[in-house]
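Data block below; observations after.
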Amino acid sequence: MESNPMMKTSITKILENNRICENIFEMVAASDIKPLPGQFYMIKGLNGDYLLPRPISVHDYQDGKIRLLYRVSGHGTNQISRMKADDEVQILGPLGNGFDVESLNGKIAIIGGGIGIAPLLYLVKNIETQKPDVYLGYKDDTFCADRFRPYCKELTVVTEDGSTGQKGYVTDFVNISDYDIVITCGPDIMMEKILRECGEKNIEVYASLEKRMACGVGACLGCIVNTKDGNKRVCKDGPVFSGRDLTV
Amino acid sequence: MANLKVEFLGKVFKNPIVAASGTFGFGEEYNEIYDVGLLGGISSKGLTLNSKQGNEGIRLWETPMGLMNSIGLQNPGLESFISREINIMKQYKTNLIANLGGNTLDDYLNGVLLLNDSDVDIIELNISCPNIKAGGMAFGIKADIAYATVKAVRGICGKPLMVKLSPNAESISEMAAACEEAGAEALSLINTINAMAIDIYAKKPVFNNYYAGLSGPAVKPIALRMVHQAAKAVMIPICGMGGISSARDAIEFIMAGASIVQVGTANFVKTDICLDIIRDMEEFLHSQGIRDINEIIGII
Amino acid sequence: MANLKVEFLGKVFKNPIVAASGTFGFGEEYNEIYDVGLLGGISSKGLTLNSKQGNEGIRLWETPMGLMNSIGLQNPGLESFISREINIMKQYKTNLIANLGGNTLDDYLNGVLLLNDSDVDIIELNISCPNIKAGGMAFGIKADIAYATVKAVRGICGKPLMVKLSPNAESISEMAAACEEAGAEALSLINTINAMAIDIYAKKPVFNNYYAGLSGPAVKPIALRMVHQAAKAVMIPICGMGGISSARDAIEFIMAGASIVQVGTANFVKTDICLDIIRDMEEFLHSQGIRDINEIIGII
Amino acid sequence: MESNPMMKTSITKILENNRICENIFEMVAASDIKPLPGQFYMIKGLNGDYLLPRPISVHDYQDGKIRLLYRVSGHGTNQISRMKADDEVQILGPLGNGFDVESLNGKIAIIGGGIGIAPLLYLVKNIETQKPDVYLGYKDDTFCADRFRPYCKELTVVTEDGSTGQKGYVTDFVNISDYDIVITCGPDIMMEKILRECGEKNIEVYASLEKRMACGVGACLGCIVNTKDGNKRVCKDGPVFSGRDLTV
């Protein structure tokens, strides 16, 4: 898991910025550095009335274009969602360690919850050894699930209200013991459950974590997570952590 | 080409822009993005005698054009600094300022003794960290306590000594004068301003320590006033900071009396903003027919 | 429907939102836009014994999410207020707070004597105006001077007395305690924070008085901290302010210990913002199952 | 000169926001209150990172639509200029006293300088008694001059660089003594010159003034101008002042 071969701040014009559903949006912008799955960018519109860039994961990358899938969850993402093609955006990245895809061998389960599915598409597309099983949990709207289908062995979609796919919590539909490796991104409560279960069953597990960030590059020590090896920076030492290291 | 070079505490700064303590680590991360040797200097993350894990809970909170932080001086400790981080910093061709924090006078004294034998260019004595529960804060609030502390430190300090003031001081003018009298050779200000945020849904303060330090553009007008007050109160040179995000801001601080300035929170807004500031400062001077930045230090 | 009604200094406030002194005139202009009787109260423009023309030069300056002002207490004087403006204000069905400024203790005493016989509901003693050169400021900085002033005023004051604190005070906690001990029945805070701006092209300070007062969203985190400190230091009720621009902000101040709040600069950002705030506060309480705003005053 | 029959804050979608030349823009928005010539609005985009609304004069009004002609002169107007049709804008107004067109009788000279021409079009269109002579001074680009032609007796265009019309300062091409009434809006230095000359020659003169504003409605006392009758508020007692009252 060596990180950041290269990164930079660039100011570029947005190519697309579309609403996917309710409050999920997708931005497309040019970037000449190929990211690793699980890496992220610090994003800021040039005219927003918020101070700090917002961390958003790479959802997909192709032909020099990054795709960012994001949820409007507050003031900053709201303003980002109002930008239009040709508006200028400031992008720093790719940042963080990302997944070490080459080390992922065996039967893999990928479990995403809500907007936590964002970083998982590009990961799934880059797992070369064996197609993983993908479990996606949503509250109601099942955005972007179809994008995963071509790259997974089995795709299980779960909604809390049962409007699409299975009804319930996504974690109820995964048999953890069937897998060699589990990878998860989603709400804390979901990830904690999975980390705990994998810990008990001694199954390799990776989680992509979220913390409030300022610098995004490892300098400010604002995004700390406690690990068995002391404080780690989510932006620099993560966002991907092995369950072995986490103290959950 | 206007001259941006400034002498400060006997050191040559190729320009007056210094990365602010706590916002730039030890330069390593930013050096992956641009050559930090282009800066006038770097002030290290706040150091303490022993390593510190810092505060639990939320450490960052955004406010209107400001940032609150409660890092709590997480740092590797002075021994690690002297054997490891200092060597990284020394690779960059720029001035190295060691920012030293502490809870007790002994902390400061022992810290200074270790730094005396090191390769740092300047010691920035942080008597103002608002994020440590016990002690730390009081040094920066009462002028008489600050006086005693600085006096004791000065007695054993083998490096140029810059004292970093807190905006939470009872009186910035009196504090500045007290530190000068106690032997400070320069002052830096402002550190963050004590502030609060409440999570109204949880009905709890956002930060475990209740209060945290406010920085960024929001505080600039206050910081500028304090730098001006300090500059009028003392003869020693001043390193100004607080919300600087543009060449215009930097020039304001310099006109108000700062010889050099630090840029903190703005690094988060745009990673290479310090380079923009240096470029735009030079352009401003040029456009105004000012040949040397030294001509405008403290002209107000 | 959640209850927003609060009792404060014996008066019923139909909601905790009061228009802040100096930002709302005597209510007349805003009443052309909406019914200002919907507010919990209005604090008048700062009044002085004799009419004042205020400061020369630039009076307003925008900063990142903040506003600096140097109005210098321009006002028609107390005699005019009592014969004219008060009658306008009295038409609005809301609490009328007379904000009283001064340069000397006598100014205050004579002012209070005039107001005693008037129809105002509360006197807000402004010991903190930063925009008057001589005197005015010191009252708000040193707790002992404030104590003496408030004590003397209290002695002759026939109205409920609220003392408005300056954020430039040496110590907010000590200042709050001193005012309480001297007989203040309530405290309001914060007034504007001393700040500076420089015109780098003219190489001059923007304001004739060099410094001016900073308000608006930028100062909110600082104001909130000070309100919390004051609330912990005294038993008397508190009127909180500083940067309030939304129901969320208002609720933060109330949780930090304010019984009522004032909204100043935000009126400029959106003329009828006070009505938005009242509506959204009620909605917040309702959504959180809080039946009465009084339940959350000072819960932090 | 009775003011403000009505005013209000409204949030409305921009109908148009076009660049006219270099850094001059024109915004069109709906407003159901008919303004008086010389009145102005406080304008703010809903997502700008500046705090205060910006005062902008009514340039024209027709069929429930106001036109605002403005120059990008700083951060706020720059952000306003980047807004597009359908973006939301907050508009407070109409504000201020405006011109008392009914009292304008006799030979009238209207002298505008730079963006100071903005409020003069709607004024010229509303002078009913006698078409005025209009003098417009520019640095170089002569924006919107043609709009005045149908409504004036004579139109004199002056540029400092002589690129269009006469070369020089507009004040050099007006023979003040020819007029009963002079009306001016433009740079302070231009207005001061005109005010002084009219004062000496005892000619009725009106100037539309600019001051930094916060409230825009007369409450904050931030926009004071010294008059013979004491401090007056530009936003409420002005922006139009008679030369008789000013102390220049």
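We call the chains A, B, C and D, going by the order they appear; numbering starts again at 1 in every chain.
Assume a residue touches a chain if its C-beta (ideal position, glycine included) is under 8 Å from a C-beta of that chain, and two chains touch if they have at least 3 such contacts.
Every value quoted in this text rests on a predicted model; they were computed, and no experiment measured them.
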Any chain in contact with chain B as well as chain D: A, C
Where chain A and chain C are represented by their mean Cα positions, the distance between them in whole Å: 47
Intercentroid distance (Cα basis), chain D paired with chain A, Å: 53
Where chain A and chain B are represented by their mean Cα positions, the distance between them in whole Å: 35
Per-residue multi-chain contacts in chain B, two or more chains: 64-66, 217
Multi-partner residues of chain A (at least 2 other chains): 49-50
Graph class of chain-chain contacts, one of line, ring, star, complete, other: ring
In contact (per the touch rule at the top): chain pairs: A-B, A-D, B-C, C-D
Residues of chain B touching chain C in the complex: 63-66, 68, 141, 170-171, 193-198, 200-201, 203-205, 210-211, 214, 217-222, 224-225, 228, 243, 248, 251-252, 255-256, 284, 288, 296, 299-300
Interface residues, chain C side, partner chain D - complex: 22-25, 29-30, 32-33, 45, 53-54, 58-62, 64-67, 69, 71, 74, 216-217, 265, 267-272
Contact set on chain A toward chain B in their complex: 4, 7-9, 44, 49-53, 90, 92, 212-224, 230-231, 236
In the complex with chain A, residue positions of chain D that touch it: 47-50, 79, 82, 84
